[in-house]
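Okay, got some structures for you below.
Common to both upcoming complexes is chain A, partnered first by chain B, then by chain C.
Up next, the complex of A and B:
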């Protein structure tokens, strides 16, 4: 039982970080029909911004991390939208999907070539200590990660639901034409979405990288997990991405112990295929009907 | 097909027959692998360029085809049996995989195939009793046909060329049949296609399954070509490579995948001096290409041609009228 609780908590902790990536992915989809296949690399690369700033430039870590968030917002948010998404939007979805696949490859290769092909140790924000509750041993970073990730998502929900800008963003996502008629600057709202995605990716990166090492290939699994979480939860709901992320985190952690270490990676994929078969709109999603 | 097309195809075929004569083994090997990837890319072109769906599992279909062929030939049966089994199996898997994914719109097929590619990789790596695990399978023979051996590289090249020509003819037949026109109608205007009685879902599913079978067929060629197969050759990165072949050449153009495969296979040779930067340059090129010409290199060629030698332009209002 104590093992189960331990696995559950570390699963929820990892899952809440997956949810950050999945929420960003969902937001981009809603606001601009961008399916970002580079999302995994977007979560991989901010860790290297931190390393570059702290190890190569010698900045203290408390300065390197906020700078990384700003850098990610500018590069992965604003630059991504201006250079890649905007000029391609008129061509439709497929060229953009291909371009994001190529972008993911480009980011990965650049990190491998210009930083290092080897896994790099990454500083943890929290002390590596454990709490003992009953029989269960719970690590402090797990709890801290969970609190920060959930806090970020709750803050985002409040921003989207309670502020004027947030509600304008939602209106833009739901019906851009009507939003524009009602005086919403939709281009600006879409840009905000990209900036938020950049910030979410940076936070997810800083939280998740200490668990593994910082490595150029981290994005492959992270991206896949983010897609699966978004689809399992429901493509058109932030809550859905959250539930999907937590579910995938828990399943992933449990399967290594209770199912098979060799096929650990396979279980989320099987879940994805099952969900698409029986409930294509996702667990919490509302059916959009056929868009064609 | 117009006379110009037939003439072009005939000249291309003559070149393909005479160019490799007297070349070094390495060049013949590169040409053979180009033909093989062209077949896989042709299949993906049907899915992507004609039916408008993204598949990220073409390499895993090649893998399934390659392993089936390897197991069949290692068991002592003729390669042709392996080839038929490979194409049949990948066709059926394509149907089973595409069915749930194509029930919903958006690009779910992309995600399902992405997951599928990883699953296949895991199975190939973990099921050692069948696939040899990460050591792979070795020692698959090259086939004989009525006493004619294909053991030498040049002989094998001609054998693959025959398969390539068959595939290209089948592809051309599919695209020009009423059925293939339905694919095109689907891509250009799904609402109108549906209102004219085209069962869009069935047609898309079939396009994907046939495209996958082309992948299986290419895999069946890989087994005797390389004579060593391992899971690493069928990872996601290889699926992306085949996808980029189609896109770079020009999705939806008949010669697109062949041109794209040539670019993807020859570019590393040309960019060898850049060493590790090759993939970076390549990825950057793809992004730029997508911004300026989503139709790939052939699309770009058409654009440039249109500027140099403008065709007779249809009156704008007439063009509109024809659309309505």
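Up next, the complex of A and C:
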């Protein structure tokens, strides 16, 4: 039982970070029909911003991390929208998808070429200590990661649900033509969504990289997991992406122990196939309405 | 002297070789309820879209409350005091009825800072509740708009059009797909609003009974041009209209 609790908490911790990436993935789709296949690289690269700022420029880590969030908001949010999404969007969804795949490859190769092809140690925000609850040994970073990731998603939900700007963003996602006629500046709302995705990617990166080391190839797994989590939970709901992320985190962790470490990475794919066959709108998604 | 709210001056619009609207001019005064009728393809929707600035006319111009609306963004038109309802359902399905109606009014209030950090209802809950009560939607206030019936969504759409306190409301087939009971309710509510606020309506509608009983003046379009204009009684007895549209 103690092993189960340990695995559950550690799975929820990883899953909540996957959920951050999945929520960003979902937001971009809802606001602008952008399927961002560079999302994995968006989560990978902020860790290298932190390293570049702290190791190369010598800034303290407490400064490098918030600067990284700002840098990510600008580069992965605003610049991505202006340079890739806006020019490609008028050509349709498929060219935009191809552009994001190319962008992902470009980011990955650039990190490999200009920083290092080797995994880099990455500082953790939290002490590497454990708590003992009964027989279960629970890692403090796991709990802290879970609290920060979930807190971020809850704050985002509150922003979208309880502010005027959030309501305008939801309206833009659900019916942009009417929202515009009612006076909503839909281009600004879409831009906000991209900025939020940049921030979510940076937070996910800072939380997850201490677990895996900073490596150019981290985005491959993270992007796939975010995509699967968004589809499994429901592509048109933030809480769907949240549930999808948590579910995959827990399944991934449990399967390695109780099923097979060899087939660990196959299980999320199997889950994806089953969901697409049985409930294509996802566990919490709806077949028509869109919301953020 | 009557105050002109909408002035359409010599509007023409073609698509390729098709003349959708041909030299159409008319004025609408404050408090007037004007009906635009005509068979399918007569140019009603094109004219409507030219008035709303969504289509740029080839010739002519449109003034609303004294402002020229050519090239004006839809959002600016809304701020100029123009409300509209839609032929297709236009509510935000994953938001409550209350949130839909607040949204329709919130862009007229506050600064950028208050949009981010001010009260989420922009101080509009009371006003939205009044509008909800006016359209007799109290029992649906907190329901998701997407879960309502077609007719109920049409009422929400109408409530949204009035939320910003417009001086001119363009109603695009408000009766389409609405059952008789709800239609009577909608008509009575529109008449009451018009009477109480002196708001100007321009209505595109195929339901003759609805348009004849609601409107004070009717313009009939055929093949992009005005073929008749007058009171409902005059239009009913106009032989050219009967031949072109109403039928024997």
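The criterion applied here is as follows: the second predicted complex is superposed on the first by the 288 of 292 C-alpha atoms of A that agree within 3 Å, B and C clash if a C-alpha of one lies under 4 Å from a C-alpha of the other, contacts with A are read in each partner's own complex, and residues count from 1 in each chain.
As a working rule, a residue touches a chain if its C-beta (ideal position, glycine included) is under 8 Å from a C-beta of that chain, and two chains touch if they have at least 3 such contacts.
Just so it is clear, the model here is predicted, and its values are computed rather than measured.
Peer 1: Would you check which partner chain A:167 touches, where first means chain B only, second means chain C only, and both and neither mean what they say?
Peer 2: Touch partner of A:167: chain C, not chain B.
Peer 1: On the A-aligned overlay, A:235 touches which partner chain: chain B = first, chain C = second, or both, or neither?
Peer 2: In the superposition, A:235 contacts chain B only.
Peer 1: Please name the chain, chain B or chain C, that touches the greater number of residues in chain A.
Peer 2: The partner with more contacted residues on chain A is B.
Peer 1: Applying the touch criterion given at the start, work out whether A:181 contacts chain B, chain C, both or neither, answering first, second, both or neither.
Peer 2: second
Peer 1: Considering each complex separately, which residues of chain A are in contact with chain B in the first and with chain C in the second?
Peer 2: Of chain A, residues 290-291 contact chain B in one complex and chain C in the other.
Peer 1: Along chain A, where are the residues that touch chain C in the complex?
Peer 2: Per the stated touch rule, the residues are 162-168, 170-171, 174-175, 178-185, 286, 288-291.
Peer 1: Touching residues of chain C toward chain A in the complex: what are they?
Peer 2: 73-75, 77-79, 84, 86, 90-95, 99, 102-104, 106-108, 110, 114-118, 120, 122, 146, 160, 164
Peer 1: List the residues on chain B that touch chain A in their complex, please.
Peer 2: 48, 52, 54, 100-101, 103-108, 110-112, 114-116, 118-119, 122, 126, 190-191, 194, 200, 236, 240, 243-244, 247, 251, 276-277, 279-280, 282-284, 286-287, 290-291, 294
Peer 1: Within the complex, which stretch of chain A touches chain B?
Peer 2: 35, 84, 87-88, 91-99, 101-103, 105-106, 109-110, 112-113, 220, 224, 227-228, 231, 235, 262-263, 265-266, 268-270, 272-273, 276-277, 280-281, 290-292
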